[in-house]
Amino acid sequence: MSRIGVFVCHCGLNIAKTVRVSELAEFAATLPDVVVAKDYKFMCSTPGQEMIVNDIKQHKLDRIIVTACSPLMHEQTFRKVLTASGLNQYLLTIVNIREQVSWVTHDIEEGTAKAKALLNGAVYRARLLAPLTSRVIDVNPNVMVVGGGIAGIQAALELANTGKKVYLIEKNSTIGGHMAQFDKTFPTLDCSACILTPKMDSVLQHKNITMMTSCEVSEVKGFVGNFDITIRQKARYVDHSKCNACLSCTEKCPGKGTSEWDESLVKRKAIYIPFPQAVPQKPIIDKESCTFFKKGKCRLCEKACEQKAIDFEQQDTFVQVKVGAVILATGFDLMDTKPLVQYGYGKYPGVYNALEVERLFNSAGPTGGKVTLRDGSEPKSIAILHCIGSRDKNNHEHCSRVCCMYSLKFSHLFKEKTSADVYHFYIDMRAAGKGYEEFYNRIIEEDVKFIRGKGARVTQSADEPGRLVVEAEDTITGKFIKLPVDMVVLSSAIVPRADARDIARLFNLSTDKQGFFMERHPKLAPLSTMSEGIFIAGACQSPKDIPDTVAQAYGAAAEALTIVVKDKMELEATTAMVNPASCCGCQNCVRVCPYGAPSYNAEKRVSEINEALCKGCGLCASVCPSSAIIARHFTNDQVLAEMEGLMEF
Amino acid sequence: MVISFKQIEEKLKTEAKRLLGESQVSIVLAYGKGYDENHPMPYVARNPSDVDNIVFNEYCNYNLARYLVRYPAGTKIAVAVKAADSRAVIQLIQEEKVKREDLVLLGIPVYGMKNPKTHEIIDGKTTGGLYNPVLYDILLGDEVHGQAIQSPYDVLAAYESMDKEARFAFWKKEFDKCIRCYACRKACPMCYCDPCFIDQTKPKWGDKSPQSHGNLMYHLTRFHHLAGRCIDCGECSRACPVDIPLYLFHKKVAKACEEMFGQAAGMSIEDKPALVNFRVDDSDKFLE
Amino acid sequence: MSFEPKILGIACNWCTYTGADLAGTTRLQYPQNLRVVRVMCSSRINPSFIFRAFQLGADGVLVGGCHPGDCHYNTGNLYARRRLAVTKKILEFSGLESGRFRVEWISASEGNKFAEVVTEFTEQIKKLGPQIKFKISQ
Amino acid sequence: MLKKTTIDKLPELAAALMEKGTLVAPIKEDAGFNFREITDAKQVDLIFHNTIISPKSAFFPQMEDFVRYQTGKSILEAAPVELNLKPTFLFGVRPCDVKSFQIMDIHFSGTGVVDPYWQKRREATTIFGFAFDMNEAADAAEFYHTLGIGAADPEGSDIFMVRKDDILMLKVITPKGEKLMAGLSFPTDASADEIKYFDDYIAKGHDYKTRYTCVDTEAIAREFESIFDNSDFWTKISDACLSCGVCTFVCPTCYCFDICDETLFSQGTRRRVWDACMFTDFTLEASGHNPRTKVYQRLRQKVCHKYSYHIRKYGVISCVGCGRCTRYCPVNIDIFSIVEEAVKAKWYKRL
Amino acid sequence: MSQAVTPYLEMSQAIMEAGGEALKKCYQCGTCTGTCPWTPITHFNIRKLVRYGQLGLDGIEEFMWGCSTCKFCVDRCPRGVEIIDVVTAIRNVYSGGGLLPQSLRSFVGSMSARGNPWSGDQAKRNDWAKEKYPLYSSDKEYLFWTCCTVCYDPRNVRLAKATAEILNQSGLSWGLPPVDVNCCGESLKKVGDLELFERLKNNNLDYFKSQGVAKIITVSPHCLSSFKKDYSEDYEVLHFSELIAKLVKESKLSPKKDFGGVKVTYHDPCYLGRHSGIYDAPRDVLKAIPGLDFVEMERSREQSMCCGGGGGGLWMEKMKGERLSDLRIEEALATGAKILATSCPYCITMFEDSVRTLNADDQIQIKDVTELVLESLEINIDEPVLDTCAL
């Protein structure tokens, strides 16, 4: 009852060498329901394809079997051929007699016999193929960018400029990320705020960007093109719609909290903005340090605010956001070096980590840009220790890539702002970016001393109290160096955010051994992930400098655009469907599906499958006891028929 | 002290009358008179007057849990449950076929039920070997203790030690007896699928004729469908007109599931059925 | 002529089938007794397929899937592991030689492992001889 | 005339019959006795009460191949399966089962179209009826007396046998029996008082008490028609019913079947298999509609078919009271009690 | 003029085959030298030693004997190089050619001839016990393994006796090994004589197997580490301080005598701490002894400084100013402690020498934890104490 056309490909000699293709075609002709059986040198070539189109029209074929290379190779090609000839593209079966037959045997008898068996199986299966039309769903045009650092800002601006609506979600009370904490950036030494704050403002002004600070993603539902994401808007206790940023409330506040922005080098008020150019420039109240929340009285800021913007009863609220694609740009954290007791971080006041030093340099920082030690004195000699926690099997095996360069930047700024001698304890000076080597040479000329040997220990100097001693070996001379210094800077390892694994679980991503987000392919798809429609950019994927981060932000924006620029999207047709007559309502499918596609309809007491969520894996079809679920294109009877055909000879 | 069946019958009647009287439940599933004393029948009492026909004797070993799925969702049902039947109820609750709040479970702790055909005492050899119901609201008699607790899987030793050829011959002989009346499927509280996979014609998993390969496909697939769900009540073997010892195979699969997944069927409401669940650290040794 | 077994292979599209293709592109040789059915995920394999395969006369059945944790549908093969394990126990208890049914986790890059497993499995089945227990005699 | 032999000579009788054709007799199995083709004469002994599956399987087997065909080729060219039958001897059939053949004959050959398979098997078979042992009490489930069948009712058998201690008396009833008995050399003629004993036994058979209710077919049919719409009644009756297929498969007067194709590779067989009205998909229509989805509808159909429609159509109750359905029902549903309950007050009292 | 050298890879191949294959993982970052306690006081440079090993350069023999295998560098190495194995392998390859330093020749000679490093007569191994204590037999639970140092060295004999007495007090069933056992060979292996080490090991193993030994107590962390790492795993080996801590906790042993608040500090022997990970047991014991005011040294637990006795250091002569044990004594004195407690016979020997050369033996006493426990149990095992210097 079906009219099958079998087309055997020689693939030049690739197949013909160990499979007698003409004999295979003759064998095919003898099989029931096979109307046309031909062999040709190159089926995937244009003449080969035309031969199929003509035969379909001439013999009114309704099933096509192409016996050639792997379906993973040319299934799409031949599906297009069927569509071109007016036949439904799913009425096609590919028999793999190249990768799995001709290339894996030298014996032409064996090869031909196996090819016949595989072809016979395909004929049994072809008889039961049904035409399928892939569903088309509409795509939500908006995009969400999680993380308001330079990567998130750049991606958001790119997308907004194309006219797309962007939701920028930032956990902190201001966007800007770590870059906003820096004073200068290498290698050009241009001021970080100068190049970043204009972008932050354009994000604020941009009509297409909805900036949501003090927000976190709490739940992700839906699928590519139709994500339904719940955002938790953390209570700020200040109504930003009323506040006009006069900041008079911050003057009166008695509360004392450690300033996270200044890496807890200094205290801040309970109601505060992290730094002057914060965007939005509106304060929030920190519950832990606010005396009202702690003791129940004060409310000075409320009195000071003419706009009546202070609202102590504010609660966390949840906002539902629908988007078509998501870019994760959640950035990095600096490793906590307290466990490395040999360096005395947290024990000796003279030991700083990299971000603390960045804040020291920053004019908006705790010391207004003056480089002073915690006791206020100016350091006379400074040691910068590279690779602390990085390139270390016992801590983080990866190289954090940017420490060499920012260490060099530090030494320049130290030389500029103080009269101190600056020493570097390094293993390799990695300056591979554009203009990096030149920057390194410039720093050498600024009379900075480089000791080739990893810092082994920092101790308090026995004879000069308050000073530190760095112990290391200068491997070039082989000498053991004990260097008395006033200040030690640890260029510690860059690690993923503390909550990176939770975000990965929310967006169904996997993370690598170190905890960074896993890209789909390290070389060919560095910005997309295994979850359709979720892209990554910046240090959350692996440590990188600002130029690479921005480049990745552009890339991720482009990838997100490929999805949201189309308003329709074709879904895979090989999804599953429930035959309600046979469904006994056991809900096994609902329990097992990783995508939540099946749902139980309580009145009809049967399950239904949302084909948009279904990925076509067929798990529900195999757990269904009354085999009521039809996994299109891999239905039970198609698989059984193919098995029967394979086992016949 | 062997609990007298009469006492349980009286308690069952009083409870049933009370529950129906106060219309806490719309039906009571219990046991009623059959065509003679040693052939009682499952009985549904719908109003207090029906309660008089309720009986309880040593032949009332039907698993009433299988009738629960027959009534529309939400009907308040009281059901008399012995040890294995209570596990069946738990398993049905786990699979959300019935809700715990719709059920009033009348627990019957009992020892000494007899198989109507052979008149032998039913024990761990053909059932799960428990005597007290695992879950109940009202207990119709004090718990049975002091009976020899033997693992329900001891009876498997003889079959497991058989060599492969002998065991295949044994099962082929048994499955060739099958006349495909599907009494085992209908007697099983866990087999509530209607239509069952074997009734399907597209695809046709097995032939309708009672040949050995059709029977084999039917029985082996059913054993798989009950893996981690069978509560070892032995009803299927007792319902079989040609006495195929199906309980043996179900016990073997239940034992394997317990060893591999560390979970016995129908023992706690919080469990999830074994084969619709997974542990990332399931060991690959299962597959050796 | 020595006994040439008919072995049915059921391979998951993302890992084992791609691994088999890789074995082909790297021209690894392995016996030709294996006939492969491609399914989208090892969790698509219904245990009744395995019983039916033996009834159709398969002398051996080899199931290939992604390594647990690498499944393209992220939990598919974790369910498959349990279901196929129960299938194996049922086959053993029914009296079929346990060596005739084998499950292997083969990733897309393990072309050589695929070739090794097929060769080793074919030898094993040759030793066991033709499968007549489940086979439907015509 | 009456012939006799002794129980311990039974194997010789069996061997003799086996030479003449296929001997089918009840054999001991795990769950009870069943009619099987005899391969070893010693297997035959008559110490059974009745078989699990009724002897209908001798004429209407659970699986009957009609035609074998090649897939892909037209079925018209396929060769039908030839029924090469040797003369068959159905040995040890109880009177109620023998009566059931007459009821089945109505359907398979009595109503115009003749079923060739049933017909050929019927003609090729000589039935050895075998009286119940009246010293024993009747089986609790049996109620053939109600259907007017005697414990030693020879009607329908070709040769009827009565056992007295270790003597087995065989009486020829029909010419077919006559021809067969002539061919058998060794059974000796019975003595005069044995003949007398044989005839008394037959007569006594009619008063042998099993469960009894006076059965006026007309009244029963009317009663069931009136009670048809009383769904409470039927729901109460079918509360316990599992709707499995045991009662219909063991019943000597159930004849429903299904025809299905079973293919493997390129060969296919069209065969007839028993079907059961109690199965859910028995009345499933191609459209997907199923008139009888509820259990009580299916049980009502089964009972009314035998005790209502059959009477209206053929004037006879389609039941012989062998009690198998009651004995093997997993939940002990008893058709006799259902009939009693349906006709309740009126007819039972009038007796 | 720097003469050119060419890498002699056969030598580094030999080193790698002798157990030093971790050699190739090192990227010469210098952390090990920076961490090594010997770097500040000697011209020993572990990174350079590994570098010479990597390229097979000669001239390695001058400073390959400086390492006392204290494992500080191994814990800090960012590449996870097992530097001690590299050092052992280098010593094995070079000492094969008779390049053993003079001071070690007698050590190795006595090992091969008498089975102990102290040239002590094999038959007199158990003389310290004076037959007061039982020999081990298979019915007993514990084998008290007497390290050669506590058998032959007069100062350390007190450790053996103290341990024996405490074992008697504890009521456990135990016994001594016979005289025909020999040294556990830990230091011998670290000196590089792997072949001789195998012989000694197999002799001990035969004894263990013949007697069905299951549980072994030892006073020396060196024996502990050797049994755990180089012998087969099926023996449960306990350092005696762990057992005392358990007994005290289960109040089977209750120290009575009050030490009157004397300050005590504890030195973590490298082979008990860094090699075997036992830090708290000896501290718990000290804190259980009444009247001991415990104070921690600045470099303790994982950061503890080596006494210099490991890796054959006990038998090598070190010039004054190049002895770690001197520095350690100064550190102990800096804490104001009157007693420096430790739990290793090698450390006891090194510290006793240093405290005398620094003539600080009146300011601080060197005590093993077992001795302190014994004293607090008021059991006297003293006979006239021989002055070790007189030897």
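Miscellaneous remarks
Order of writing sets the chain letters: A, B, C, D and E. Residues in each chain are counted from 1.
We adopt the following convention: a contact is a pair of C-beta atoms (placed from the backbone, for glycine too) under 8 Å apart; a residue touches a chain by one contact, two chains touch by 3 or more.
Only a predicted model underlies this, so the values are computations on that prediction, with no experimental measurement involved.
Number of steps on the shortest path from chain B to chain D, with steps defined by chain touch: 1. Chains that touch both chain A and chain B are the following: C, D. The chain with its CA mean position farthest from that of chain C is E. Summarising the inter-chain layout, the chain whose CA centre lies farthest from the centre of chain B is E.
Core chain by CA centroid proximity to the global CA centroid: C.
Among the pairs A-C and A-D, the greater number of C-beta contacts is found at A-C.
Separating the centre of chain B from that of chain E, both taken as means of CA atoms, is a distance of 68 Å.
For the pair chain B and chain C, the distance between C-alpha centroids works out to 35 Å. As a whole-number value, the distance joining the C-alpha centres of chain D and chain E reads 96 Å.
Separating the centre of chain A from that of chain E, both taken as means of CA atoms, is a distance of 52 Å. The set of chain E residues that touch two or more partner chains is empty.
Among the residues of chain A, those in touch with two or more other chains are 592, 623, 627, 636, 640, 644. Residues of chain D in contact with at least two other chains: 264-265.
By the touch criterion given at the top, residues 159-160, 164-172, 197, 205, 213, 216-217, 220-221, 223-224, 227-228, 249, 252-253, 256-257, 260-261, 274-280, 282, 284, 286-287 of chain B touch chain C in their complex.
In the complex of the two chains, the chain A residues touching chain D come out as 32-33, 581, 644, 648.
Across the interface of their complex, chain A is touched by residues 73, 95-97, 192-197, 200, 202-205, 225, 272-273, 275-277 of chain B. Of all residues in chain D, only 71-73, 264-266, 288 touch chain A in the complex they form. Within the complex formed with chain B, the residues of chain A that make contact are 582, 584-588, 591-592, 602, 605, 623, 625-627, 635-637, 640.
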